[in-house]
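Structure, as structure tokens:
All chains are identified by letter, namely A, B, C and D, in their written order; residue positions are counted from 1 within each chain.
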Amino acid sequence: MRPGWLDRIWPLLPVLAALAFTSVLLLLFKASPVVAFSAMLEGAFGSSERILNVIAFWIPLLLCAAGLLITFQAGLWNIGIEGQIILGSIGATWVALSLELAAPLQITLEILAAMAGGALWAGIAGWLKTRGGVHEIFGGLALNNLAIILTNYLISGPWQPPEGGSFRGTVPFGEHALLPLFDGSRFSPLALILAGTAFSIVMIALRNSTWGLKLKALGRNSRSAFLLGVSSNREAVLAMMFCGALAGLGGAVRVLSWFDSLRQSISGGIGYLALLVVMLAAYRVLWVPFVAFFFSAVLNGAIVLQLRTQLHSSLGDILTGVMVLFVLLLGDPIRLRGLRRAKDDG
Amino acid sequence: AAPAAEPTEAPAAEEPAAEEPAAEPLTFGVVLVGPANDHGWSQAHAEGAQYVADNLGANLILFESLNPADKPEATLDGVVDDMISQGATLIITTSDEFEEDTATVAASHPDVIFINASGDDVHTGEAGPNLGNVMGRMEDMKAIAGCAAALTTQTGSIGYVGPLINFETRRLVASAYLGAKYCYENYRGLDPADLDFAVTWIGFWFNIPGVTLDPTEVVSNFIDTGSDVIMSGIDTTEAIDVVGQRFAADEVVHAVPYDFIGACETAPAACLGVPFFSWGPAYLALAQSVQDGTWVQSWDWNAANYNALGDPTQTDVGWVPGEGLSAEASASLDQFIAGLASGEINVWTGPINLQDGSEYIAAGATATDDEIWYLPQLPEGVEGPSE
Amino acid sequence: MDNGQLIAVLASILLQASPLIIAVCGETLTERAGIVNLSLDGTMLLSAMTGFVAAHLTDNLMLGFAAGAAVGAFFALIVAFSSIQLKQSQVATGFVLTLLGDSLSAFLGQEYTRLPGPSVPHFAIPILKDIPILGPIIFNQDGLVYFAILLIFATSWWLFRSRPGLELRSAGERPEAAFARGVNVRRLRYLYTVIGGALVGIAGAAYSLDVKIGWSEGHTRGLGWIALAIVIFGGWSPVRGAIGALLFGATKAAATVLQRAFPEVSVVAFNALPWLLMIGVLLLVSNKIVGRLLVNAPPALKRPLQRMLQVAPPAALGTELKNE
Amino acid sequence: MRVELQNIRKHFGEVRANDDISLIFEPGKIYGLLGENGAGKSTLMKILSGFQKPDGGKIILDGKARRFDSPADALAAGVGMLYQEPLDMPPFLVLENYLLGQRRGFAVNARQAAKDLRELGKKYGFDIQPEEHIRDLSLGERQQLELLRLLAGGAQLLILDEPTTGISTEQKVLLFDSMRKLAKDEGKTLILVSHKLDEVQDLCSQVFVLRKGKLVGEAKLPCPNELLVNLMFEKLPPRRERASREQKQVALELKDAVVATPRLELQPLNLTVYAGEVFGLAGLEGSGQEILLKACAGLLPIRSGSMQLGHQPLDQLDYHAARAGGISYMAAGRVEEGLVAGLTLTEHMALVDQEAGFFVDWAGSRARTKERVQHFQVVGTSESTVEQLSGGNQQRFLFAMLPSSLKLILLEHPTRGLDIRSTDWIWQQLDERRKDGTAILFISADLDEVVERSDRIAVFSGGRMSRVVDAAKTNAEELGHLIGGEQ
């Protein structure tokens, strides 16, 4: 069948369908979609602070999504990324609480510790898969919860604030330990630079590096890749650790700029969100930053939505989730045509 | 400040700069840590806020479930900024979780009054001029709850479902135990050494699946291992839910829920009563003072109004007895309450030893507010971790 | 803890594990047919919510379970459609549905948080309940538990003894061969994905209507993933799966008991037990480990060990039928 | 049953797999279907057996036109096909596998069914154990089961696609006997698809020959092989005589090497392979020869004893070290083990590029690919993905990827499923390699090939390696006996 105007506007379909779906939900709850969506719009772009917030939230999301591009290339479902973010923030916190150095050095060490933490957690998941034969989805999942539990142990035990145990989090870090922020917002230009660099590295690695090619082979057929000389286990673990390091960096951004201390469940689903981002981008590298930004805008918008309409802010998650689902279901006209053909010959 | 409270000497706070004329209605924001309909801690605050809105004609901006797990993208100052942009001049943050952030945000909005419920920044002097604390004296109500439990238990074993361990939760468990001990000894004439009072901490204020212990299972386990009265110290209602189920299956078990005045309704017959927070009066007083521009910084630790213990419009903390209470049990309980009211009973009277055996309150002495507020360890006789 | 208490604890473990057992049986059917329905966690949340709301509004338990089953079946249908018809990755669809089910349940259920609702009535089976030890543990429960136990044997009979079960397994083992033998692989996969999903839905409702009575946001979060892991641990066999579910229930109970036994240990430490267990058992049944074990095992032990430990997933699990 | 095919057409994109083919098969006879790789034999048979739908044309059984929606339909109509890789259920019991697809009853009456199966087996001289697992059976036994299943299903026309690769001589004899019996005594129609002319000569009364999807001729048998060959290939390059080996240095040496998998543990191995030598390994699948090959490749650890390549010990080597050390391993499955579906030829080339740095040298790789594709006569472009290549060309491309200088090449079934031309071509390449001292260790299920192509031969049975025999002084029969376990 010839690709006509239909195919050109097709990518919009899932987006429209998702908006329609959420509108119906809103009407069910006797809320006007117009009000709701404009509230979300305001919440995302209503003021410079808000825009800065969207950017600030976008950065860790982008970092995680970039890392996931690598693991997806290697055919790995790195659901453990949540825990990797958390271990990152734990790593950064550890340095922040235990060292007192000049800001540049302090921050460098914090970031390195964060990346190491994330890489460690991812490495465990990778090791469990390659050497232990535990699928990364389940290894990662268990590690996610263990990471949260570890945080709770730390902030209610060794790292609890002097005034006594609580789950509030650690004491706020000193100025020298925090990322320099763009006037009073939570947006740290440094973090943005780091994220941008990380993303371009990923892009190059996937396009032009031998490693990227190895991972591609690994993702398509690990057995053949192995026989063609790819150290399948090692590369798989490396891919995981690379992603973990970026996630860990994201975790550092969370504690060092978004918050000012380690809080419980600091990642709060950003990792899962990043998985959705990459899926909605259909694993196309260049789309990822834009989709990630869109997600960040939607979620930040949902906050104001709740303030204005008193509606549950999970509406934002629903919108993003449904969008990805519809991309899977209607995103690809070719498949749907295939479907029609399948129907034809019974 | 609120009735029956003793404001501690706070650093003399100069009046906040901006004041709007009392004419136009006050706009105030309330931030909850959990959902507004959790039948527990957060709902009690939500209804308190609503009470203010109704009685003062103030308009309320409510924000629920502000915690990183539910809303990674939300932060206290983001929410507060929006509330202020909507004209809020009073912001109430209703959890100890918000203590630090409230202090920070308060500093960046000097012309808005902030109240952090259950915090002690004012008491410790860390608070900026526009930040106050409020808390209800739940300790006495917990003592009543403990007494009701002790009066009812047949197996002599009481289970307490605790949230996470901190000063607040520790002193509440302690009060419950001391109340139970007093009544077990004085009204049932049994040896308090035989009273088995165990606490299990789930690890957070409410159940986070996979991360905390599941309160449902904790309660079942208590009942299975012989406890016949379950007290709840967590924000949500699992204790009364499970006990209600077991009760319906003809088991002899009772529960004492917590926080929310309506908590018994899940299973009235199995409920011995509920010690509840009623934030309405305190919030109303605060809002009033802010509106009139007469607000003075204070650390309010509001005691119960024993003349209206069950009336949420007249007391900040209270107790409503439940159907599960037997006739003579409630008779004794009323004596106990009367004793507390008149002050002739104080369960915090020594000798009180800590779990490690060290003496905390000497024989005959009674604990000071600070000794209660900053209780370092659970008292001797309570089974379960102290930190 | 005296014997009476031990029995009571065991009975509770069985009750707590019942919904898991139901979900595991459902997912086992689905995966045996060659489809991975990864959406369990979201499905159970949404069906727990719908089930409770339906029962709360109509005050009718059965309607509650029916609603839960319907939701489960519907989500499963989406998974089946996107993989069988559109040849999309089952993991991708399942994962999205996992998150979607979670947020949908939070949004739609917001007004029904922690309301009282009907709960499955306790029902002791007259004579059986008096059997020493077993009686009070197994037969002094409620309908849910009996259903779960029956389901274990029903599904494993269906899978391994009946002719339709044979076809079901063939669809998951080698769809091309099954097709060549006139098995309608596509239809079977649809059928068992939906049936499995419905069971998962019932499991979800079982939480909000019995085991964790009531609804609140994230009510069953995490349990769906546990169920998926147990399916693997169970080697795609209902009976072994049930054992896994009980084992898991026991560990959680242990976490509670241990905290009281060791007050000096930090309370959060024990919350880690179930997850460590999850990794542990998956390691135990993973072919890499077992393979190494078997190479070095004495010949006499090889066969029994193999039969006991080595679990192979349905060969065509997650793949699509390639005729033509 | 009289089977008539009229103007069968089937296209895959550009490829005309079947191009207007018309054929007639009479009852009671055994037909041969010949043709080079990709000629369209399997496609035609899959259409006849309902596994694929024709783009055009008619299938007429005993005068009735039929359309099959599935193989089950076809079987119901009396057409059954036996695939080279039997379509059975490895993890199932023999009995379950037999019952699957039989539409009767809800619960299974295992005892009765087992009895039926045994008797049916006896009838054709097959010894069947209903309680065994399929995966524990040899290829030949699995074939026999399939045959029984088809017969029980009421097949009147039986199609066998390359049935004799990988089964023992006894099993082959047994199979052919039963085929003759089916044709003569039961008047069934049989079609044998094969690349092995002597089998066809021995069994069939008539052959049809396909080329590039067209029917290009038929012949009554017996007739001279040349005739058939000329029908199959326009032109067949003359077979070059292979140089016999001269070098005497040791390439590979195993001393009391013990290798084991969870399934099978080999008796201690002692084996010497010389540089430039071709060493053939025969034996039924799963007898241990694959394990030996994997061990040499570093895919399985040597648990005791020693292994040497030239003079350096290789006891604890891992696969990648072995590759680096000049050992190449080619597994039997091509797209499964060796090629990555979805990657282009260029990407493959870049992947195996020895001196690749951090960045991929795309230009260089593309150039190298074009040059190799050219030289190895691979039908395909540098940008086509491997799954687009036909079996023969995939095999060629695997050879194209081999590093230039190697000490040892390990081959599993290097020519399985390939036609005479590709087979010859492959062995030419290997001969080239031998010239510069590369030793070649290969497994083949085709005993004639083993005898013809090797310098020396060892036979495996049940994890034991036989004495080493000199290819010049042996023949397929002797190997057959060794496979049977005799000394």
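Methods note: a residue touches a chain if its C-beta (ideal position, glycine included) is under 8 Å from a C-beta of that chain, and two chains touch if they have at least 3 such contacts.
Note that the coordinates shown come from a computational prediction; the quantities given were computed from them, not determined experimentally.
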{"item": "A-D or B-C - the one linked by more C-beta pairs in contact", "value": "B-C"}
{"item": "Computed distance of Cα centres, chain C from chain B, in Å", "value": "38"}
{"item": "Whole-Å separation of chain centres (CA-atom averages), chain A against chain D", "value": "48"}
{"item": "Length of the line joining the C-alpha centres of chain A and chain B, rounded to whole Å", "value": "37"}
{"item": "Gap in Å, rounded to a whole number, between the CA centres of chain D and chain B", "value": "77"}
{"item": "Residues within chain D bordering two or more other chains", "value": "53"}
{"item": "Shared-contact residues (touching 2 or more other chains) in chain C", "value": "110, 222, 266, 268, 271, 275"}
{"item": "Shared interface positions of chain A, touching two or more other chains", "value": "145, 149, 152, 156"}
{"item": "Pairs of chains satisfying the touch condition", "value": "A-B, A-C, A-D, B-C, C-D"}
{"item": "Chain C residues within the chain A interface of the complex", "value": "38, 78, 81-82, 85-88, 91-93, 95-97, 99-100, 102-104, 106-108, 110, 222, 225, 228-229, 232, 266, 268-269, 271-272, 275-276, 278-279, 282-283, 286-289"}
{"item": "Residue numbers on chain A that touch chain B, as the complex places them", "value": "49, 53, 57, 145, 148-149, 152, 156, 163-169, 171-172, 184, 186, 258-261, 263-270, 296, 299-300, 302-304, 306-307, 310, 313"}
{"item": "Residues of chain C touching chain D in the complex", "value": "161-164, 166-167, 169-170, 173-174, 176-183, 291, 294-295, 302, 306, 312, 315, 323-324"}
{"item": "Residues of chain D touching chain A in the complex", "value": "53, 69, 319-320, 323, 329, 331, 335-343, 347-348, 350-353, 356-360, 362, 401"}
{"item": "In the complex with chain C, residue positions of chain D that touch it", "value": "51-53, 70-73, 75-76, 87-92, 96, 99-101, 103, 105-108, 260-262"}
